[in-house]
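Which chain is which? They are A, B, C, D, E and F, in the order written, and residues in each are numbered from 1.
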Amino acid sequence: MPSLITFGETMLRLSPAPGELIETATELDFRTAGAESNVAIAASNLGLEATWCSKLPDSPLGRRVTREIRSHGVSTNVTWTDEGRQGTYYIEQGNEPRGTSVIYDRTDAAVRTATPTELADGIAFDSVDAWYTSGITPALSAQLRETTGSLLERAQAAGATTVFDLNYRAKLWSPAEARDACRPLLESVDIAVIPARDARLVLEESGSDQEILRSLATTYNPDIFVLTQGGNGAIAIDAAGTRYEQPVFETETFDPIGTGDAFVGGFLANYLETESVSRALEYGAGTAALKRTIDGDLAVVTPAAVERVIEAAGGDGGIDR
Amino acid sequence: MPSLITFGETMLRLSPAPGELIETATELDFRTAGAESNVAIAASNLGLEATWCSKLPDSPLGRRVTREIRSHGVSTNVTWTDEGRQGTYYIEQGNEPRGTSVIYDRTDAAVRTATPTELADGIAFDSVDAWYTSGITPALSAQLRETTGSLLERAQAAGATTVFDLNYRAKLWSPAEARDACRPLLESVDIAVIPARDARLVLEESGSDQEILRSLATTYNPDIFVLTQGGNGAIAIDAAGTRYEQPVFETETFDPIGTGDAFVGGFLANYLETESVSRALEYGAGTAALKRTIDGDLAVVTPAAVERVIEAAGGDGGIDR
Amino acid sequence: MPSLITFGETMLRLSPAPGELIETATELDFRTAGAESNVAIAASNLGLEATWCSKLPDSPLGRRVTREIRSHGVSTNVTWTDEGRQGTYYIEQGNEPRGTSVIYDRTDAAVRTATPTELADGIAFDSVDAWYTSGITPALSAQLRETTGSLLERAQAAGATTVFDLNYRAKLWSPAEARDACRPLLESVDIAVIPARDARLVLEESGSDQEILRSLATTYNPDIFVLTQGGNGAIAIDAAGTRYEQPVFETETFDPIGTGDAFVGGFLANYLETESVSRALEYGAGTAALKRTIDGDLAVVTPAAVERVIEAAGGDGGIDR
Amino acid sequence: MPSLITFGETMLRLSPAPGELIETATELDFRTAGAESNVAIAASNLGLEATWCSKLPDSPLGRRVTREIRSHGVSTNVTWTDEGRQGTYYIEQGNEPRGTSVIYDRTDAAVRTATPTELADGIAFDSVDAWYTSGITPALSAQLRETTGSLLERAQAAGATTVFDLNYRAKLWSPAEARDACRPLLESVDIAVIPARDARLVLEESGSDQEILRSLATTYNPDIFVLTQGGNGAIAIDAAGTRYEQPVFETETFDPIGTGDAFVGGFLANYLETESVSRALEYGAGTAALKRTIDGDLAVVTPAAVERVIEAAGGDGGIDR
Amino acid sequence: MPSLITFGETMLRLSPAPGELIETATELDFRTAGAESNVAIAASNLGLEATWCSKLPDSPLGRRVTREIRSHGVSTNVTWTDEGRQGTYYIEQGNEPRGTSVIYDRTDAAVRTATPTELADGIAFDSVDAWYTSGITPALSAQLRETTGSLLERAQAAGATTVFDLNYRAKLWSPAEARDACRPLLESVDIAVIPARDARLVLEESGSDQEILRSLATTYNPDIFVLTQGGNGAIAIDAAGTRYEQPVFETETFDPIGTGDAFVGGFLANYLETESVSRALEYGAGTAALKRTIDGDLAVVTPAAVERVIEAAGGDGGIDR
Amino acid sequence: MPSLITFGETMLRLSPAPGELIETATELDFRTAGAESNVAIAASNLGLEATWCSKLPDSPLGRRVTREIRSHGVSTNVTWTDEGRQGTYYIEQGNEPRGTSVIYDRTDAAVRTATPTELADGIAFDSVDAWYTSGITPALSAQLRETTGSLLERAQAAGATTVFDLNYRAKLWSPAEARDACRPLLESVDIAVIPARDARLVLEESGSDQEILRSLATTYNPDIFVLTQGGNGAIAIDAAGTRYEQPVFETETFDPIGTGDAFVGGFLANYLETESVSRALEYGAGTAALKRTIDGDLAVVTPAAVERVIEAAGGDGGIDR
């Protein structure tokens, strides 16, 4: 089983029932969510040996986070602290035209002060196959910008495949700030996942998605670029310049939150076994499709279920295990 | 902030979960609902200074009603009594072909004996900008027919804009009874909202909706007529004979109950500020579209949300505040 | 299996969760309850062939009532009608000093117009072993006073053991009204269950409970009198003048509502098999003790469970089956 | 009221909320379900005098089953036993592409040892109008294969209309086993309901659905064959060779489980009154359409509701009562 | 109706079900709570015209707070802001020896920057009968220390009765900090409520409770001192040196949180009408007893209910209305 | 961190809400429970590196079990199989005199065929500090009797401290069967936990608890015997013959299920660190007291919480970390 470490903030997620509003709710669902733990959970459910690494307040709230992550078989490597809050977010899903609204309550989260030294404690970098962080993490504080870069470098130096999903969040920083932070990070990244919208907004790319993909591949360091296109699927290019296209699998969506993380988790679970970008894209898309039928951020899936989705759509199907 | 007073019956609303039936349910959602409090709530959420005026049993059931109404910032001017019941209704929403069914349990409701004198107590008619009642109220008792008329007259005499939504309910009276009661009421009304179906059934109008609108404007006293057309939106005519058309905004409906009241509440919230029928119609339609995404009768909305709906649909957007 | 018919009103019961108030609740438990159906249900769960007889609105609310009653194996002999309401009550249980409060909402209940003729339709009086009504039924309307008496007479004439629980409810009538109605009814009753408090208040008895019991036995017609004493248990006297005492079995109470009905149901289930007053009292007390551990009005018990309670308390135990 | 007896296994049904997974659920809905009790419940709700006959463990789990069945007015004729389990199944409904998954947990169910003698005890075969079993029952054990056949024969000999729904379940037996068991059973059947898919797979029929229907009618003994075609409705042929076609009524599906049983229950409720195959098919389709709007396996419907569905679709409507 | 204004922070309150833990909960109850809004709500439910004054984030979370407060008839005078968080707290109630634990998450709450000027906007100090703040408010920030003092002075100058409950919270500041802040505040206070424990810890009083009461009365400015003694009730002294003792009313406690605030709310509701310290203490104790039977922080009570508690305990009973 | 492996069956646990009955419930809580996973979870929450080892069906039900166990930081070493069921139990908690009733549904559980070879796969016996099984495991099948013994021997041989809790379950085997199976097992056990009742019933000991303890110590092989005495606490003896007494800590019990397992888990968590029997007994009692305040079988506790319980009762307190 290949191993994956992800690093980032995980929040508590509070949400009213369908059709209900935060303003009038008297009961909230209580879950955990965060790009990096979402990816670790999807990957663990699909067979990787995954570890999530972060800093949390030493409180029932912090332990609530690790309990849910561990329930999916993910190991947790946590720096416990008495300083800082447990990040939280409220999500109110609404039909159109109301739409979904999110209220982040992550000010002063404990993770913001996490240093490379404290996070690295307990990690055997030599035996890590892959390391993943999203672009949300460096957006959270100056310290985390440094920590993200430092750990990516260290993981890459130790031989891990480093993976970065740009995942720009306008509520956290400006495109210019994101640009300044992410460009240097891409130096230590082997696989970059970049939403087409962010490529334009943050990396100032232009042209068609295919043109952007080529431009990224010639401008930046990563071997593999996956350009995600929302409802249109994803396209990718590898070090050899081979191009890949992956449409989305048709779904009746129950809850779209976490789709991108499920895609990345599925992609990595497969890629680290098969080293086939095409199969990994298909696997990521299958994982993402299943996620959308499930309440909450998490891809609670099995390899067999992902493979059934791929096969039903006429795809190649799975990792030959 | 312009002020609005609404007068009518508000019931307790009991409903099983989606897919469940009253016959087999073991738990019911417990809310309040009534055309006039629905309108006051929508208007209050959108910035009016709204008051709901009624008569209730002096019991936890009656107080359950005022608590929910007040939670939306609406003032309550209630005559408390030891006589009469708290009106109640059961609603079981069902997909097609089962459809939604409603069981009214409003026999002997305390409000049925409300006199103009007791309701007027505590109201400063001079400072009321608008007064609203629906056609449900006069349908409830002979006393309420008299009270409705008397209060509309008094409000109009004091300078308020009087508003009446015909809102015919076949379970309460016959078209002929409604006709006899509502025609005289229209004498004291400045803005009449009339469902196209009721214009035909109750007011015995015929022809196309546009023809009916013209006929209403020439036959009855109000300055403004809004003819609501269900899924087709609404058309209106003002005192100057100018005509308006307002389509509905596209929605994925979660719960359609209360759409009409949300429309009126939104219309009034805007009209009392802008005196623009076209903007008010748009605002009403935006409020109604949001309501349909929310469980229960109530339009828990903000001006900003309504304006986003209008703008997303290419409309003019909002009250310039 | 001996057979029992009970006749009376059954209501829908709406209640908030423990610690919650009707005034602020957003969800209510939804059950059915009524002295006579409670007795039939307890007796059916304990092995009698029980039938509940009443008049209900032909609506999902009326059907909600029969579904729950039938689920306990009780047959229903219902006159369905389009006139009148489904009686309802709200119950808010509170710790001391708040206490439990009940709001009856039984105005205009359909059952109030039930005539002897319509209720008797479908009942084979010849094969009925026992007939039960509580003093709540004649309190509901003049018609029901007549109907209660007429059916007790007819059942007694046909050879059934007739049973009447005085069960005075101050919210329904005055002691004087109850006295005038119940004294004549006692003429057609074989077994009278009378709360000690009601013997004093309604029947104007005085002295110690034992003195009252003797006085009742000499004044009124029934063969057996059971004087219930709340937390002190019950005492009884039979036609031969033999006296019985039955303490309550110790319980940790979860919900006390329905204790008296469970006692009567258990008493009858046993008495109709054993014709032993002492065993029947014990059985009734065991059934009542179990009921108090259960949420709602209903004694969902088995003979084996009742017998375990009796044996654990050193009693004789059960019906020899 | 015609009478119907159904015989088969009924399970407890455990299911997580929409969007939730069994793997992560902390609460499950708890209901009962089984083809034969589903049919009896639909038929009882539509006016038949229905009895469900089976063998259950003498435990709260077994009693949970009879309570829910009885709540729909169905009588239960149960052999209680201390041997064997209460069958259970878990159902997790999922949007596409996840789909619905079912986990049967019916090993060693008490019903598997039910003999004709014990089940027949308490049944007055002479007064039974119809007898129904599905092809699930003989699939459960060798004993039940024998019992199913024996009871069908006895019912037919006593003059009942015998009804069999082939309802092949691949998780219980192979097509060949089903074929060997069902062909002899069809000898004692008056009305056979056969899914088109099962006609091909189990009975080895081929050709178009209409060709299969003719072939069944010429090969096997029943007077009436109903070939169900899933989303395409059903076709039928009677003893006179008359053919019938019944499309499905359009529905927004909430829960599809139990559709087929609702169809059969509705068909029988009507056919036993009208002896009209065309009306019965329409009635069955109306019942099935309503069932799909309801959570759970059970068709909690009224004759009036079924007739409204048929009339709304321009059908003939109902049984003339 | 006398009027009361209270000023302080109100938080969202998140709590798992009884017996459940935050660490493993998947659903949380969602309410609002804060000493000053608790007092306003109790007082409003008991007949005062109450207003709660604070600063909140302009978001669904902030509006969730005002909606619940308004539902109790309390007016809200809120400064809405885009800066700062909505304070939150988690409460996990546990039987002994686990006990109740509270996690405050009120860092950077919007209220911390509230200035006297912004809060005073919209308040007619001339017509305010009483002004209340607890010692929690000045503990929240240096700005709030200044604001609390400034508003108390202004209210007192305008003729209001000013009320201060010391209510020391060790999680917010040290006893020395509290001492430095609260001593000057007491200069502008007419009625001081001081927990006996805080008198010792914060105000460095010593001796018996009665000795402390005398010492407070001679040392500080307020006319009336109420020394609360937890389970032992309260003692008080007025400007004339008259002493009062009030035991607690016996209760079966469901949820103790908010008892002190209910006591103060009940005390003020009565005192502002009767100007009788003894009656007000009794009224406060009755309100507190009822609160303890209710889930959540809020005293949802009626004057009649409080008076019943007092009378049942042989007290004087209520305000003569 | 010392390591602990536990081996046994874990079931799914289904339970109605307080006051509700299985017979009438419509919703069940869904958790996992099993003596050996309960012990591992308590120990893991208290700081041990715990692993639970078993055999499960490869289905969502089996995965439901591992997810909950893992959420507490326990590793799972599971043999997944397509044969056999997932054991289940229903628990209905009732106040006295109803009491709690349990329905085991563990027939044919997958674990029953677990062999020493398949379970040992993946376990590094050399690095295991302690190995725990309860007497429930050998009661489940002949294979498990053999497997239990074989693994205890192997663990002991590899240097682990082996621990066995006799935990006799009358529903699984007779005292004689238990005696025959458990006596040989005690040969390979270092620490034996034996309920006083089982010492008498299964091991045929007699006399006072202290006499039994001495007799056990002279008759059987283990170094340490802990005799648990229910509400009276526990007594113990070590290899040196030193005796220990540990009373229970006073608790308000919410749910008593799992108390014994919590005691063992707490005992081991402490003993493996301190090697002090007296401290370990105290720690076990503290863990057990906390468990009783929590819904479900699991001791979701922290070392700090256990130490607070001990200190509050005047104990020594904790492991010096």
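Couple of notes before you dig in:
To be clear about the criterion, a residue touches a chain if its C-beta (ideal position, glycine included) is under 8 Å from a C-beta of that chain, and two chains touch if they have at least 3 such contacts.
Please read these numbers as outputs of a predicted model, since none were measured by experiment.
The chains that touch chain A as well as chain C are B, D, E, F. With centres defined by CA atoms alone, the chain at the far end from chain A is C. Taking each chain's centre as the average of its CA atoms, chain C and chain D sit 39 Å apart.
Each chain gets a centre from the mean of its Cα atoms; for chain A and chain E, those two points are 45 Å apart. Spacing of chain B relative to chain D, judged by their CA centroids, is 47 angstrom.
Each of the following residues of chain E touches two or more other chains: 21, 23-24, 26, 67, 71. Listing the residues of chain D that touch chain A in their complex gives 17-21, 23-24, 94-98. Remark: chain D residues 14, 21-31, 59-61, 63-64, 67, 85-86, 88, 90, 92, 101, 103, 105, 107-108 touch chain F in the complex. Residues of chain B that touch chain A in their complex: 71, 249-255, 289-290, 292-296, 298, 300, 305, 308-309, 312-313.
Chain F meets chain A in the complex at residues 66-68, 70-73.
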